[in-house]
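Structures for review follow.
Note that subunit A is present in both complexes that follow, paired respectively with subunit B and with subunit C.
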Partner chain A sequence: MSEKPETKTVASEPESRPSRRGLFSSVGAGAVAAAIVNPGKIFAATTPAIPSIRIAKDITDSLAEATKLGSFDAKGGMTGAEVFAKSCKDEDLAALFCCPGNYQIINAISAAGIPAFGGRSEGSMTSAADGFSRCTGEVTACSGTEGPGFTNMIMNIAVAHRARTPLLVLASNVTIATDDREYFIQTGYQQPTTEGLKKYGKRLIAPDRIHEYTAYAFRHLKTGVPGPVHLDFPGEIYNHRFMAESEVKEYYSKEKYRTESRPHPAPKDLAQAVDMINRAERPVIVAGHGVFFRKAWEPLMVAAEKNDVAVVTSGPMRGHFPDEHRLSASLSPDAFMSADLVVFVGQYSMPSKTERWRFHPDAKAIRVNPTGEDLGRNWPLDLGIVADEGAFLEGLASDLPRKKRDAWVGELAAARQKYEKQLLDEYEQGVKHSQATNTVHHAVVCKEVHDFLYKGSIDPKQTVTGWGGWTIGNCGARWLRAYRPGQEVNCPYQYSAVGPDLAMMIGAGAAVQLGVGPQAPYKGAPVLVITSDAGIAYSMFELDTAAKYKIPIICVVYNNNAWGMWPSAVGTPRSMHMYLFQENLRYDKMAEGLGARGEYVHTQDDFRKALKTSYEVASKEHVSTLINVQALKDFTSQKDYPPGNIINPEPGVGALAH
Partner chain B sequence: MSERLPTKSKKGARDTTTALVTGILEGYAEKAVFRGFSAHPGGDGKAAYRMVWHHDRPFELSLNVPGKSLRFPAVLPGVPARSDMYRELRAFLKSRQTDEVPEHRRVDPAKARLTVSNQRGIVSLALAVRDGDFEYATRKLIQMVHEIFMVFLLDGPYFEYMVERLGLDPDRY
Partner chain C sequence: MRIFLAICSVVSAALADAPAKLTRDDAQKLRNPVAYTRKSIDRGRVMFLQNCTSCHGEDGKAEGSLIADATDLTSPKLYKSGSSEGEIFHSIRDGAGDQMPAFKSQIDHETDIWNLVNFIRSLWPESMRPAIVVEDK
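Up next, the complex of A and B:
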């Protein structure tokens, strides 16, 4: 049964809050003495009502402050941090997510007017920045303090690296003067720590080269295949004062230090690609990360429609080709094996042929990548093309002849119908399991979310969604849809980390609140994430961050009392305890303690009602809700509760590995 | 001499067919369908091929030109003959010979006959070549095995089977 909807947050007006000192003074000296003897009794008798959670006036005042860019003309000139922040502003850095630490840098970035968000752990803030980027394609930054803050970010940097997110990782790093002296706890060699997890990195050591290395950073972030860039700042850099522009070396504008020029396909390569596509009977374009990052969805659509080429989306975000389109193969996995030509465009993370990517052994392959060094890796090619994804697709849109492929389009439709029937069959099984156990099966959870977001009164294109977890994640991916660019964030993409989901979607929610890039038409809408009880533990405290910034998110937690991999212990019963949690934990109550709403449900009807209420509150009051959906771990078992956990075919909906 | 000509011609044809099948399989290796490959000619139109393929497991394909057959003696381990899984596998393969799938995905019964058998839980797959078109048969047999792993196992309730029997690391999926 769902609990009574209640929005107990979030007033920003001043409220009298008893301090500990005040409390004791009102009780009086005698009572204090008694409290020492019997504290519980005395407090029960004299403690005033517990103050409600609220957003402090200091926060709203701070957010209302005017922006202030540094200037060499100011008294005291500019600090290194201000020079860096101004460069970030000039480069349209979209947002910063951080925890305190690296103070001068984050303060200067926020002061410069770049949207900045402070959260509860550096790792989660890194994923929030990642999520913001995944649904906008923009460069975002994260920051933490040297030592513990920085090392807390590592897993999340790795997640961003595997997704090729253009993420600017910032961290302070003591001072050059104290290098190698074990100066308190925060010393550390950061750059080796991110080895293998970044596209470029640099510890800055010369103050007057700060702009030069900012240029390095943005060249890497905005050119070629994206990826994290890691800059670490010793105190000598961000504290350095520059009294004149001439003191900063190579201080010139972005138009001089990088280029917007993109590689166009060689004419003979483009002609060969056009010929191969035109000759193929059942061609499919795999539209990967690069199509989204290069905002190339329009030429993709034109090219596909002109020649009846199927399109399947892939990557850490989906929607750059709409799922409902007649040429979309994203819901037609049974047709993949029929394709006789696969055209990978901007597919940065290449699968191997015997992973889940189910293409025919005889299918020919073309791959288009903005740089040449990766062409031919993992998947041998019949044609490799070095080209910007947008430029290639514009070439296709221009040069492909008009052609109809009715049989191929019909096969895509039949495969989609088969896939949707399969989903409904799984749902019917889930309904029976739910009713038999008085809990909610994962297929029921996901079908309800699907129907609510896409079949009801909400514009199906409106809500940005994300998913994570194991049993629930695999299922959620099958039911969530993407009808426009940036609508679905594939949280566990490639690295398959458990836990960043909520934080990532809070970042995506921030992008929707700001209306950045493809989110502009849906500015202010809520976002939704489906995650697991294992995953929520990693970033649940960021519900405080969502509440603080009024980022409305509906967080559906599939609570099955276990890590998804519990079946791994079935053969060794003595190990099972390591895979299990306490049963019936109340994540909804924890959410309430963090300033969000909580809903507890264990029936399908109550879940449906909770979704509706949560969405209304999110839309109207910008308040987040965690819906704790009670399930059973045994639903994962294919033997005991068929269909159990189903592995998704790739690419398309549910694609996880590449 | 003239009496022996047909025999020599037959041998030549067998060699040509063996070379054809070997070339096709080498082509799959060059396209990374297989991750490792070697051919082991046996003479008299017979050959064995070894490849590293799905789940990085070794597979063996035997060619018998005079017997007009191609056979994978061990495609899947640990599938009891009376299990639901084996029954469903047979149905899946049968569907690949009917209009349940588009023509380009089908094994044409006029050209080749697909048979599946089970010996002590080990599933084997063979194609009997009916019209002498070994290229067709080779490509179709490779396709069928590929579909068993990429479609049948992934679409069905076989995750636990893959973990238990094929050594799948659950964290990798």
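Up next, the complex of A and C:
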């Protein structure tokens, strides 16, 4: 924050943007750091004659339009797109994130009243939908045009696949009539492209079966272990006109094409699980994402408290068991080795004993999964149970006897104390490194965020956070906390894609803005993401999307001038240039150019002030801020700046994969 | 398992920790206070699986190269930071080069780092491995 933002767009506010004049006058001015490259003429908005960034009236008018569901009684009947959109509405599809293309489908979905968001790249919009789902548990959709728009989504579909996100992937795909003819542009075989990245997929080829395949899609999205479902629509499907309901095959309501019935644990299995838990001295439940998707956090709490069972959360979201609870093991990694029984519930991506899990290989294991085919995979089981996570946990809550395990609880507390001391030791080292270099070390960034969100005046449960990046991500994940369901999004979970973090958290921000599911009590609150300079390049333009929809996000960019993997070039010096960026790039200025605020900081004090200001503006004016935190690449290495980068094995805080 | 953990704790308490700060020369002089026994190797394997496989792979050959240009632990001649037992200990505890982080905050007792040293040496070619010490029963 050593430089006063000077973009005139700030001072000459249009009618449709919140005022930031007062804000910047409070920010204050300072000297420009000598080493900072002057972006100069790139940001020509300093010229008063150039119009300000603003939200077009067409946008606000469009958002205020009344919803309109298609009807067979309408003059032209219903198009295939309208039939599909109506089914999505009936299924409570939570939101759509898209880029233009697949026009009839996205237009019909938006017209139907499903919250719809248009962004800057299909991949980022896919991750925004993913992020929305990760903090709500709801089915969301993403869409892109055929060909390049669709292939732009691939990395992000893969991210959702590894996280088992119930993501409805939609794309147009030319016409059936031109299949295999290399006709014109954007032709491509979509379903083979998503092979291995989806739970179910279908190219629709018969117009009158559109509802039948919508039913297929939602059966897969809402039953069993979730995962992406990919539908591609040729023109003959979405443009087909139906003049009567009878023209659509199998046009049943959702109650007739899928069931809400869930598998309950067999009584003997539940009895055996209760017996094993009760006999164990140090039992721990690994509450995976299935617990969140099934919204089973209440029976989880009852079961844990009744029998003093430790709980550690695992998966692409955290918070379905609160970190501060005396039975939470999420911050007690050293206690895992003495656990003698591990109960995996809804752990969809199973580790193995030969991977980076902290439990002792001799510990007994129970696994609960809504389907049977995965039980016994990777981790040998003493008991496998096919059951809905909620039904199982309700059974435990009912049947477990009351029991106190003071020794185990004490061990958890001691391990937590040790872990928190480790964090503070790392922070102290980081403070020294920061002061010695006039930059901000990653441990300092993360501790400041932690203290601001959880130790200050903000309700610690309020802010949904997410994280990505390598050095900063590994560190941020150790400091972020989750005190209620859906409070933390583990953006890189089990795929470690660089870059979807900001987009994912804009999706999460949309969920908070709408107050969906567990976000309802915090409707409208800002969200925060910690990411890297490498990662921000992939989704930074979505700050425009955040601004357009007034989704307030604070984006902390750890700017260390390098890919996190730069140490891989140390042994081959001629390669190093491939791992580095220009130094002192100004992501804050780029953010200003996209209609967000920008803050530049290179000291701990300035970072603290920037966080406070950014949060206030986000809360009161729904304006996003990118805080560019200048760091050094060398902080990743323990050689000169111990402790360097620390990788966190699963499960618990900080873990991104097994 | 509880008994095993208890034994580990006792052994840990009985062994003095290595100096907090080590140079490479200091490390070369360190000797492993934990005997190269089957039990120590097994315990070291548990530590290895929990902390090391993402870079060095399950078999120590570092063939995956997912997140680092890691050293093939089965070829001690390739070790960049030394292959004496003290140097291996030093690399694990305090980190090595620019990529390998220090594990002193993640592995509870130095005894377990020494167990890990023993496991890593068990990955070496047979002709280079120490002889297994048979424990009294």
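Criterion: the second predicted complex is superposed on the first by the 609 of 658 C-alpha atoms of A that agree within 3 Å, B and C clash if a C-alpha of one lies under 4 Å from a C-alpha of the other, contacts with A are read in each partner's own complex, and residues count from 1 in each chain.
What we mean here is this: a residue touches a chain if its C-beta (ideal position, glycine included) is under 8 Å from a C-beta of that chain, and two chains touch if they have at least 3 such contacts.
Because the structure is predicted, anything quoted here is derived from the model rather than measured.
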Subunit A as common anchor, with subunit B and subunit C clashing or fitting: clash
Contacts of A:334 with subunit B and subunit C, given as first, second, both or neither: both
Which superposed partner A:578 touches (first subunit B, second subunit C, both, neither): neither
Subunit B versus subunit C as contact partner of A:645, first or second or both or neither: both
Contacts of A:425 with subunit B and subunit C, given as first, second, both or neither: second
Contacts of A:74 with subunit B and subunit C, given as first, second, both or neither: neither
Overlap of subunit C and subunit B interfaces on subunit A (superposed complexes): 281, 333-334, 337-338, 340, 353-354, 356, 358, 360-362, 422, 496, 565, 567-568, 637-639, 642-647, 649, 657
Residues of subunit A that touch subunit B when the two form their complex: 281-282, 333-334, 337-338, 340, 352-354, 356, 358, 360-362, 378-380, 407, 411, 422, 496, 565, 567-568, 637-639, 642-647, 649, 657
Subunit A residues within the subunit C interface of the complex: 281, 333-334, 337-338, 340, 353-358, 360-363, 422, 425-426, 496, 565, 567-568, 570-571, 636-639, 642-647, 649, 657
Touching residues (chain side subunit B, partner subunit A) in the complex: 28, 30-33, 35, 53-56, 102, 104-105, 139, 142-143, 146-147, 149-151, 154-155, 157-160, 163, 170-171, 173
Complex contact set, residues of subunit C against subunit A: 1-2, 5, 46, 49-51, 53-54, 58, 67-69, 80, 94-95, 97-102, 105-106, 108
